[in-house]
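Think of it as A, B, C and D in the order they're written, each chain with its own count starting at 1.
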Amino acid sequence: MSKMKTITYREALKSAIREALQKDERVFLMGEDVGHYGGAFAVSKGLLKEFGPGRIMDVPLSESGFTGAGIGAALAGMRPIVEIMTVNFSLLAMDQIINNAATLLHMSGGQLNVPVVIRMGCGIGRQLAAQHSHSWEPFYAHVPGINVLAVGTHEDARGMLLTALESPDPVILFEYTSMLNLEAEIIEDAGAVDICKAKVRREGIDLSLITYGTGVYKSLEAAEVLSKDGMDIEVIDLRVLRPLDEETFLTSIAKTHKALVVEDAWKSVSISSEISARIMEKAFFELDLPVERLCGVEVPIPYPKHLEDASVPQVQDIVEKVRKILKP
Amino acid sequence: MNEESIKNTIFQLLKRIAPEHDPSTLMPDENIREALNIDSFDALQFIVAISEKLNVDIPEEDYGKTATLKSLMAYLQQKMKS
Amino acid sequence: MISFKMPSLGADMEDGTLVEWRKQPGDLLKRGDIIADVDTQKGLIEIEFFGEGILEKHLVAEGEKIPVGTVMALIRGESDEITEEIPQENIPDQEKMVEPAKVEEGKIKVPVASPQKAGGERVRISPLAKKIAEAHQLDISKISGTGPDGAIVKADIDKCLREGQEKKAKAKTDPIVTEPRYEPESKLAIPESEAIRKAVAAAMSRSNQDIPHYYLEKRIDFSKAMLWLKEANKERSVQQRLLPVALMIKAVAKALDDVPDLNAVWEDGLERKNEINIGFVVSLRTGGIMLPAILNADTLSVDGIMERLNDLIPRARAFKLRSSELSKSTFTITSIGEGGADKVYGVIYPPQVGIVGFGEIRDEAIVAEGMIGIKPVVDVTLAADHRATDGLIGSKFLASLNKYLQNPENL
Amino acid sequence: MKKTQSKSKFPVSKAEGKRLLHQMQLIRRFEEKSAEVYTETKIRGFLHLYVGEEAVAVGVMQALKEEDYILSTYREHGHALARGMDPGAIMAEMYGKVEGCAMGRGGSMHLFDKNIHFYGGNAIVGGHLPMAVGMALASKKQGKKNVTCCFFGEGAAAEGEFHESMNLAALWDAPVLFLCENNLYAMGTALEYTHSEQQLEKKGPTYGIETATVNGMDLLEVMKAAQKAVDYIRETGKPYFLVCYTYRFRAHSMFDAELYRDKAEVEEWKKQDPIPQFKKYLLKEQLITEKEIASLEEAVEKEVAAAVDFAENGTWEPIEDLCRFVYSENQEP
């Protein structure tokens, strides 16, 4: 077995960026405050000094402008990593991502591919109130032509970016700011990971807990609690929200016959809606209970801690929900 | 992995093979295959599942050590330590 | 025009109920397409089509129960002209065609009794539970549910099946005599295990009545075979390890190649078969047996046979066999396995002409080369149809089988 | 910026004169033919015609080199033809046939040809400006000397992306030619209703960008101004903003009753039609004869007819291929 090391999520992200910059001259990082400030969340701290302003580019507050510039640079042979400080501001760049990055290959009849990687800090849990607590994974996962990844583990924080940069097509990485200081063990020589399959993070036979992003560690923790009660929960980290890997969760449901989907995003028209629909379409006769969901409460995320916590599924909520499903 | 979780794993796997029996009623020295009415094909499937789940290699000559719950537990614990 | 008939999937199948047409008039049919789902005593079976053509017309409505051989549909082959004529062959007079339109929608696809409680309210049941109930032909209106709002879930079905089996175990003195008479009206309420029990009973009774069996027995030294298996399994990962039965099947297949009169069927005369397809008795946890075939077993390696077993046995137990896998065997093996009887005298599965039984492999004192030693042995019995062969042929077969089991490395 | 004084003696050889006239005439006739077949329902969707603005496309292209990048708007047939895209491939694209320059996937608004560095055909007003800056930025990072020329209308100058792009290009010294075709109407709304400052050229200097205006109805003027702009960019590596005053003679798109402008206004502008103007110039300078003009026009007719034939004989992509080009098929980036 390989040697393990303890690393924070932030360090994992940073070492991936550094490795990418070292490996390929075409790669550069552009984003608000990525250089002199060291990254809004200190992910790129020190990289300006190491790689210089040509490769660590501070940009003005013009999300559409610099995201479009990243797309243009990718068209012209570079491998830009565009950092949009938080997913909330990506709304200002949606025209570029959806009308340009996602469509050019198709509109040009296959002539123009756009190998751009767009990283977005996202997630809830730091009392940032309604405008800074969005979960836009479902928005982007709706759009054909882009690849949407949810970085739910340290392993993926270390590895997804490297594979994303190999993709000929646009990739959006959702990184979770609430996990930045979280420590976990990964193998010492961890590196690139696949970006097309979901992963079974914990095997079990009683229920399939399907989730992504911040839901992964929460669900694993809940599964541990539940195992003490004799409930054997399988936890699936979707990882890739588009194109969705159905096979992994359908296989799991064929085994457990029960599913709970957990996510922070608002419930209506969400990733869980999609998962639920696919299960209905493709595994209906494997179901022994209706598919259940635990999602964000449909309210702009409030500022006070207790209300914020109540807005999205917590470990205890997952535990209780599973108990209710399995031992009514 | 502690004793309790090994036991849980064994029970889960037995339940998959013989869903109509409750493996937790097994006596420690009872012959598992006889008690749960497991034929040689299912017995092999059980060994395959155990070795995959716990990541231990169970050579054929050790099959005898897997006959009862007690001997199987002892065997697996010793295997996993080494 | 090809007349597509209700196929016979075994000597014990007399009729079947068409549950669902999977192909509609105008559909192009290719070899291997599933044309219909038919409910039989053995449960729901997918009926394959083996030719090519275009489905012209359905002649049987969903929900109808028809005898084997009834023309179910007309299929236009490539050379056929379009025609409206219906061939009259094989259409039983008393079974007048029912126009599909007369069958109420809704009911067509549900082979179990109408899932309504007495008050007319719909039975709440999970899709999975419903699927299992259908496979076991359970009447779900009689099952009480423990799921949300009283819905029936898998656990309830499992419990029902378990209780059905226990009841059977208690009543087990002479299964064939004590079985209740087969009544079509109540058929749908019979659990799968009982339906299979009945099917087995019918086939075995017929066998006993029609086939004059003769029996031969030989004790075979299994030490070389066991030694070979032990060595072979050392090199194999746990997923690829071999069971003795794989070796037995291979040896039987080769012996049948030497003695082809036993690889045959008796239908007003002996008809040798060109393929050696070994039917293998799989006993079900819920009672009863299934007989999936290992096709062309003589051409497979021992590993290949083990691979087929690993595929077939779980599917047989889950009732997920295809009709061709159930109907193609040309000879049968039954193996009692560990902890069982010393000898097993089989009953021939008609129209086959032989069955070989392997008892438990056990250590016995035997004389070899003038010395008494303890060795693993297995008692092998052959039951054969005396109309088809005589004892001499049977003896040749056992001798040949012994020869192969003494040289396992050549199998 | 001062408007250029009277007509210059820009040196145009006989051959060059014919080539330029041919290009403008081809655009004119191609667009008219497109309108015709549109009414026969051969072309569907939006169809925005360039009639009247030919001098801008043809004039600017003369200053660009093969390695330069071009991004355009949804009114881009003229740019594509002037850049040398095959008329048959453009017509086939509008027919939706596989032989089209984007396999028929784009249609009139999305002409693409990577081989001649023609990057669309972009139909979100202002959306391609940031991309143009990014492409220029890439050239700079790669040490290339090419220019990225980005065509857009005056409507785009009201978009935030225009301002973001001007700022970024100036900030990064990106070699972009911002080429504004000011035809006075953003669809059907006149400049005076959409811009607080209608002299768009005033917007360049606030970003520190070198800026000029030119009479877009005069081919030679446009050529001169464009050459100056491109020379500046190649020399300094910095962006340049060129505003061409021009006018479209036909409706915004096919389904447009033109309620927003007087017929008289259109007639007035037609007096400045760049094609007759240029013909007159060539004749006056004895660079061409009437007979040569007639045979040139005949050649253009044949070319346009051939383009239609090519499109008519094109093939439809099979429906099974519907989901192609959503993700790259060749996984080599």
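Quick notes
Everything that follows uses one rule, which is that a contact is a pair of C-beta atoms (placed from the backbone, for glycine too) under 8 Å apart; a residue touches a chain by one contact, two chains touch by 3 or more.
None of the values given here were measured: they were computed from a predicted structure.
Averaging Cα coordinates per chain and for the whole protein, the chain whose average falls nearest the overall one is A.
Of the two chain pairs examined here, A-D and B-C, the one linked by more C-beta pairs in contact is A-D. If each chain is reduced to the centroid of its CA atoms, subunit A and subunit B end up 39 Å from each other. Chain geometry summary: the mean Cα position of subunit C and that of subunit D are 74 Å apart. Taking each chain's centre as the average of its CA atoms, subunit B and subunit C sit 30 Å apart.
Annotation for subunit C: no residues touch two or more other chains. Of all possible chain pairs, those that touch are A-B, A-C, A-D, B-C.
Of all the residues in subunit C, the ones that touch subunit B in their complex are 158, 161-162, 165, 230, 233-234, 238-239, 241, 243-245, 283, 285, 309, 313-314, 337-339. By the touch criterion stated above, subunit A contacts subunit D in their complex at residues 28, 54, 59-60, 62, 64-80, 95-96, 99-100, 104-113, 115, 144-145, 147, 166-169, 243.
Subunit B contributes residues 5, 8, 12, 16, 53 to its touches with subunit A in the complex. Those residues of subunit D lying in contact with subunit A across their complex are 69, 100-106, 110, 112-114, 119-122, 124, 127-139, 141-142, 160-161, 164-165, 167-168, 171, 324-333.
Listing the residues of subunit A that touch subunit C in their complex gives 257, 284-290, 328.
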